[in-house]
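Multiple structures are listed underneath, in structure tokens.
Across the two complexes that follow, chain A remains constant while its partner is chain B and subsequently chain C.
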Partner chain A sequence: MDADSDVALDILITNVVCVFRTRCHLNLRKIALEGANVIYKRDVGKVLMKLRKPRITATIWSSGKIICTGATSEEEAKFGARRLARSLQKLGFQVIFTDFKVVNVLAVCNMPFEIRLPEFTKNNRPHASYEPELHPAVCYRIKSLRATLQIFSTGSITVTVLKRKYTLPTPLDSEQGPT
Partner chain B sequence: MFSQRRARILDALPRVTCPNHPDAILVEDYRAGDMICPECGLVVGDRVIDVGSEWRTFSNDKATKDPSRVGDSQNPLLSDGDLSTMIGKGTGAASFDEFGNSKYQNRRTMSSSDRAMMNAFKEITTMADRINLPRNIVDRTNNLFKQVYEQKSLKGRANDAIASACLYIACRQEGVPRTFKEICAVSRISKKEIGRCFKLILKALETSVDLITTGDFMSRFCSNLCLPKQVQMAATHIARKAVELDLVPGRSPISVAAAAIYMASQASAEKRTQKEIGDIAGVADVTIRQSYRLIYPRAPDLFPTDFKFDTPVDKLPQL
Partner chain C sequence: MSAAGGQGRPFLRVFLAPEVTYSRSTGENDQVSRSQQRGLRRVRDLCRVLQLPSTFEDTAVAYYQQAYRHSGIRAARLQKKEVLVGCCVLITCRQHNWPLTMGTVCALLYADLDVFSGTYMQIVKLLGLDVPSLCLADLVKTYCSSFRLFQASPSVPAKYVEDKEKMLSRTLQLVELADETWLVTGRHPLPVITAATFLAWQSLQPSHRLTCSLARFCKLANVDLPYPASSRLQELLSVLLRMAERLAWLQVLKLDKRSVVKHIGDLLQHRHTLVRKAFRDGTAEMEAGEKELRGRCQGPEQGKEEVASSSLDLPEGKRPASPTPLLPPCMLKPPKRICPPPPVSTVTGDENISDSEIEQYLRTPQEIKDFEKAQAARQAARSVSNPP
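What follows is the complex of A and B.
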């Protein structure tokens, strides 16, 4: 597989997960009662707030830590997080937007060929692990990039990277060609 | 390393030698308690302590307790060299007090450090017993559990979960894998938890296991379904061919095996329903149906050439 065909493949970022802190205690009950588009999970102790504009679901804890999921790009994640902080501010909390960090990026890619998983696993012994009883995909871990790829037999691959700066095309370069 | 130290200590001890033949290796006569030089017959050392039995043991019929043994025949490799003994339950009427309780009740913790490990070994033996696993798999499981337990990287997990996962790995390593569902059936732990512990143990022990193939389960499933040898061989052939021809990409080998058994049994005199096969294999019958649909088009190619069809290939049920 040469580099040209790598670039031609569409890699779509489907999910960006980020966290930030508000540096103030949040009254979950108040948010649940007065906020718009919220779900209060009392047994766990968190509030889910869903935004429409950047389609984002935020998990709000009373300590002030907030996890935002569902954004399709890093900028959108930051945008959504700020918007969320603003809506909390409108509810009356003294919100300070701090410690914004992108924790996880999930991307999906489609190979134009099918992949034979047992042979693939045999050739990539230490990195790849395949348990057909547990999950139909091969789990391929790249330690240096802190990336986990799930490779399905249909050829679709999901990549999740736990890093601030992600370089998505690179994991594909080290992949094997069609087997 | 220990043996080297021991050898050095022995070198330092004054060695008895025959004064006339210092190089001669002395012969021990344990009955008389002497050390005799073989060259000249001189008795060099005397009053050598006899390490034989203290008393004579006759082979009686009721020789249930061996009087020359002291201590239990525990496996010191697994329980860290436990040499302590316990006071046994009393025999005879004198050991029971008025209410019928035994007078001496002390069965206190004798190996508190390895109590959890011994408990786990007992649990492993119980689980293995339920599915009739041979002793070598149980031993391997015990060894794995000991390694994991000593490493302490999975300390927070339930011991039963780790034990179940060790059992699964041991079966895999011995070449006779059991499905997760089969291990689930004899354990109180959920399949999810066993799967999680399995992955963690592989990472902790830095080992990997071979991939499961359809053939590993054929003999077990077919015997449980009371299918004759020809059907079993046919099913094995079908499943292997199906995987070779890549007719069933992404399907679990168990499902493919179940579908192959279904096809083989339907073509022979011993027909089995999907539900029966699904029960034995632990797959849903819709799953068998899905996999069967994938292999059905190539059915004539998958059967072995010398198979006797009770129901011809074109009359196989189409689902």
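What follows is the complex of A and C.
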């Protein structure tokens, strides 16, 4: 591919992760009993609820903190989160939709050429790191954009952008929910 | 102690310092913890087992101590601390271009590769280290030296014994060829090296060794057979066949994947020219194919005319067979179905949500009753099958 060629690259957003709070305690047992498309994980203290439109999966903690994954745009993520909050309202909880934020965006892109990963890594230190024994792709970090790119030899690139710093909950946080 | 003021004597007030505990005064708490001491011993032991120079040992120990200063590592589980030993040694070896694989370290520590990889990435980030990549040539030399085929023994017949230098030289050339033809990038290096070593060994005495399979070869050499090695072997043989099609004196022989092994020496001698030619022809073939496809898509009638005219040029049966182009393996696989671009989304996130949309996510009262009945029945069935 020449440097001057006008090849447009399609970047497709495949996943948007967002979080929000309901500002009320949620009875997980009630959600599991009266909600449809739910999975109750009693051992870790959370409920998974899936929506069809938009296609998102929500992880609900009893503290009222909720993570939504699966949306393909930030607007869709917000719409899905609001729909979920509305569903919880219908179940009888005093839900207030607050603290909504998009934490992570995942996109994929395909280059029209193959990439020799060892040479690429050598020319792009220290941003690029390549461990073929662990993973077949080069991990390229752009600190200023808080982005991590996984570059494969086929030319496929996966981009993950961290929009907000977010700590995943541990089993000990099941009562308190994610921070 | 205080001195009371008296007849004109100055009043001296001495403020007593707070009591200093014994442990603080002797620095008892500054001692290295038992787990850290054990870890440092393990680092030294691992360096000795791998027969590394003493400078490596000091560097690895320094890294371990640096890592241990971080609270996340100090509070980590013992399993992680044990794996940390291997990570420090591996990083030291990499920085000195000493070929050591993660698999070897994990085998010596009886560690899980997933745990090792997580700890390794964490340590590299935490200490801000620049770890160079593993040099393929050095890895080939070290890995090939571990094959027990260089001396006759009860398990290795004389016809299978090979000269180490010859085998090493040929393996290196085959690995370089694999690297040039896109068989190494993005893949684990050991299966490629195993396949290259096997082919090098077979090609040095093909009359006695063509009947030996890859699995048997690894058993004779007393090395593990990595799972993808068979696929790498087939890919390498395909590349060699494509190259053989470009050599005039081999074209007439109609070689296959078995017989091409006898001519590996010739092919490696001319590999640079052959590979360049094969890639150039392969790219030209692909571009011609794409143009033809575009032409057909633009106008079926136009395409038909073109096909008809091309078929008139050469009579059937005398059309030259086009060799499969030499391309990276990912391009030889059938192309993935192109996903249609997603429709332009008009979602803003702030739309009104009607009640009817929400009803589908809530169970009706009847469904709730049925669900409770089903749960109760399941509980009852469980208590019957598992009586207290």
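Assume the second predicted complex is superposed on the first by the 156 of 179 C-alpha atoms of A that agree within 3 Å, B and C clash if a C-alpha of one lies under 4 Å from a C-alpha of the other, contacts with A are read in each partner's own complex, and residues count from 1 in each chain.
Note that in this section a residue touches a chain if its C-beta (ideal position, glycine included) is under 8 Å from a C-beta of that chain, and two chains touch if they have at least 3 such contacts.
Note that this is a predicted model, so its numbers are computed, not measured.
S.K.: Kindly say whether there is room for both chain B and chain C on chain A in the superposition, answering fit or clash.
M.R.: The answer is clash.
S.K.: Applying the touch criterion given at the start, work out whether A:Lys90 contacts chain B, chain C, both or neither, answering first, second, both or neither.
M.R.: Touch status of A:Lys90: second partner only.
S.K.: Please indicate which partner A:Tyr130 is in contact with in the superposed arrangement: first for chain B, second for chain C, both, or neither.
M.R.: both
S.K.: Figure out whether A:Ser153 sits in contact with chain B (first) or chain C (second), or with both, or with neither.
M.R.: both
S.K.: Can A:Asn37 be said to touch chain B (first), chain C (second), both, or neither?
M.R.: The second partner, chain C, only.
S.K.: For A:Met49, decide between first (touching chain B), second (touching chain C), both and neither.
M.R.: Second partner only, chain C.
S.K.: Under the stated touch criterion, which partner chain does A:Pro118 make contact with: chain B (first), chain C (second), both, or neither?
M.R.: In the superposition, A:Pro118 contacts both chain B and chain C.
S.K.: Which partner reaches more residues of chain A, chain B or chain C?
M.R.: So, of the two partners, C touches more residues of chain A.
S.K.: Give the stretch of chain B that clashes with chain C in the superposition, choosing among 27-35, 81-89 or 261-269.
M.R.: The one stretch of chain B in steric conflict with chain C is 261-269.
S.K.: Using the superposition on A, tell me which residues of chain A are in contact with chain B and, in the other complex, with chain C.
M.R.: 114, 116-118, 121-122, 125-126, 129-134, 136, 152-154
S.K.: With touch defined as at the start, can you tell me which chain C residues reach chain A in the complex?
M.R.: 101-103, 113, 117, 120-121, 124, 130-131, 133-134, 136, 182, 184-189, 328, 330-331, 339, 341-342, 345, 347-351, 353, 355, 357-358, 360-363, 367-368, 371-372
S.K.: Spell out the residues on chain A that touch chain B in their complex, using ranges where they run on.
M.R.: Listed in rising order, the residues of chain A that touch chain B are 114, 116-118, 121-122, 125-126, 129-134, 136, 152-154.
S.K.: Help me check something: in the complex, which residues belonging to chain B touch chain A?
M.R.: Interface residues on the chain B side: 179-181, 195, 198-199, 202, 208, 211-212, 243, 246, 249-254.
S.K.: Quick one: which bits of chain A touch chain C in the complex? Just the residue numbers, please.
M.R.: Residues 10, 12, 33-37, 49, 51-54, 72-79, 82-83, 86-87, 90-91, 114-118, 121-122, 125-126, 129-134, 136-137, 152-154 of chain A touch chain C in their complex.
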